[in-house]
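As written, the chain order gives the labels A, B and C, with residue 1 at the start of each chain.
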Amino acid sequence: EEIGAVARSIVEKAIEKHAADGLGRVDYALASGGAMVVAHSEPLFPTAGIWLKLKKVNVVAQKMLQPSFGEPGHCFPLKGSNGFVDIKLRTDIIPDAVTLEHVAKSVAYDRSSAPKDCQIFGWFQGRDADQSNQAEKKFLLTEFAYDLDRSNAQTFSVESSNSGIVNMIRLEFSSNHGGPHTCIYRLRVHGHEPDLVAVPSLQP
Amino acid sequence: EEIGAVARSIVEKAIEKHAADGLGRVDYALASGGAMVVAHSEPLFPTAGIWLKLKKVNVVAQKMLQPSFGEPGHCFPLKGSNGFVDIKLRTDIIPDAVTLEHVAKSVAYDRSSAPKDCQIFGWFQGRDADQSNQAEKKFLLTEFAYDLDRSNAQTFSVESSNSGIVNMIRLEFSSNHGGPHTCIYRLRVHGHEPDLVAVPSLQP
Amino acid sequence: EEIGAVARSIVEKAIEKHAADGLGRVDYALASGGAMVVAHSEPLFPTAGIWLKLKKVNVVAQKMLQPSFGEPGHCFPLKGSNGFVDIKLRTDIIPDAVTLEHVAKSVAYDRSSAPKDCQIFGWFQGRDADQSNQAEKKFLLTEFAYDLDRSNAQTFSVESSNSGIVNMIRLEFSSNHGGPHTCIYRLRVHGHEPDLVAVPSLQP
């Protein structure tokens, strides 16, 4: 019966974590939390879109800020093997990790569309920011390769020296796993909200 | 290998329960089962609504009769720290418990919007009921405080002496956990359908 | 601590499988993968529908090609205790099993609407297929009875001698568990895509 008690406690914790969005970590890039995709490279299906300021954003882009529930197809497909997506976070945070997720191997039709070599950039965008100057302010938070042999949700730490307050994130991928297009199932951004005392910002 | 067998059996039962809406209990307030919110106190976002008879019902109100899948934001937000929601159940039942759920601590941005002191009322509404007389027929089924330190789905029994046939439920909250508004993630109502033999009703 | 390690490993595998659509098997009849219901017997709610070629397809029919997430009501309800549904698969496959799912016992209001005696047919439909000739080409892949006492997702193997390339599946049910109508929560079709070398097709 002691075995049962140990096992039950392990199971309860594991299911609690699974039920808490799989990871049990706060996601500041979640669509239902107020985050949104605001720009991206050329989408696979270019027809349907909405205009955000001067950029056209594909209607399925927001899928990459939503849970996938183990279902193939719940992703944002982009043309080619390299590209980018810009995300406006729910609020200002000091990022400490990101999680990139693709569909699980066991239910996937094909995983050649998974992104491979990735870079994550962060920056702070003021309300009246001149959009044309944004490119100069982006800081590299982490770079990694998505590995098809590991668990399908892969978390990568942000090096602490790079941390500062950000409200924008760019995912840039320079290769994928061999397919003609690239599907982003989900990107999550973890971190914490700054205290009201002064915290260094990434802005100059 | 005996350990493995014991553990496997515990795991299977736990996942089966998790897969069965988390609790493995029938919910007569589930939107996909036919229940609906029919009235409520002032919503946080008052613009979008549908008219049910003479009451305007907020379009996001029905979110509190749907699963939340561990996602922050899937709730019905109401103004202030006290208020109420009236729910028409799927069918006539004898209630034996209710479950109030808020978003899990590990994925929440902020839990100050969770309701705290709550009362649950039940009553039976006939087809031709005079709406203005409804208030007199409500019976207190249970009262409780939602506790942020416990599991996020908290079940409270209905005292058996209060049981009778009901098809309407009111959730009334008189305080929350400190926020300027109150979010209801989900309310479930458990019980059983009356046999066709006579059962005492809450109606006079 | 050894017990803990064994239990943890069992739990991780079980949750991984649960998170992978419950079964950890590829489903070629999944709506988000591109499959769709293209014909069916008389639906319970006949009003809303879309026209596919010459057949009217009920708008809720596609629910049977989507996950149910432990929720009653997420099904396609058909009139009576016998009927059929035709599904166009995502792509050409050699089928090796099907899974029929009904709502879990613990959360169900009533399971008399579950299908009972079922037959699964498969065939290959060419692009220019003469629809009126289709009936002659259907092959029986498997037949079974859905059992209310077993787990709610029940998988049945296709006998290997029946296997060939198919892109269409018919679920035909000749009885249900006693209700006046029949609800199909989900049908999944498992198998593998043919290699590019020659594989025998079900077409003559």
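Things worth noting here:
Everything below uses one rule, namely that a residue touches a chain if its C-beta (ideal position, glycine included) is under 8 Å from a C-beta of that chain, and two chains touch if they have at least 3 such contacts.
All values reported here derive from a predicted model rather than from experimental measurement.
In terms of which chains touch, the assembly is arranged so that all chains touch all other chains. Where chain A touches chain C, the two copies mostly use different residue numbers: shared numbers make up under half of all numbers in play. Per-chain CA centroids place chain A at a distance of 33 Å from chain C.
Looking at chain B, one finds that residues 3, 7, 11, 15, 18, 22, 69 touch two or more other chains.
On the side of chain C, the complex with chain B involves touching residues 3, 6-7, 10-11, 14-15, 18, 22, 69-74, 104, 106-109, 151. Taken in their complex, chain C has these residues touching chain A: 3-4, 7-8, 11-12, 15-22, 24-28, 30, 32-34, 67, 69, 90-91.
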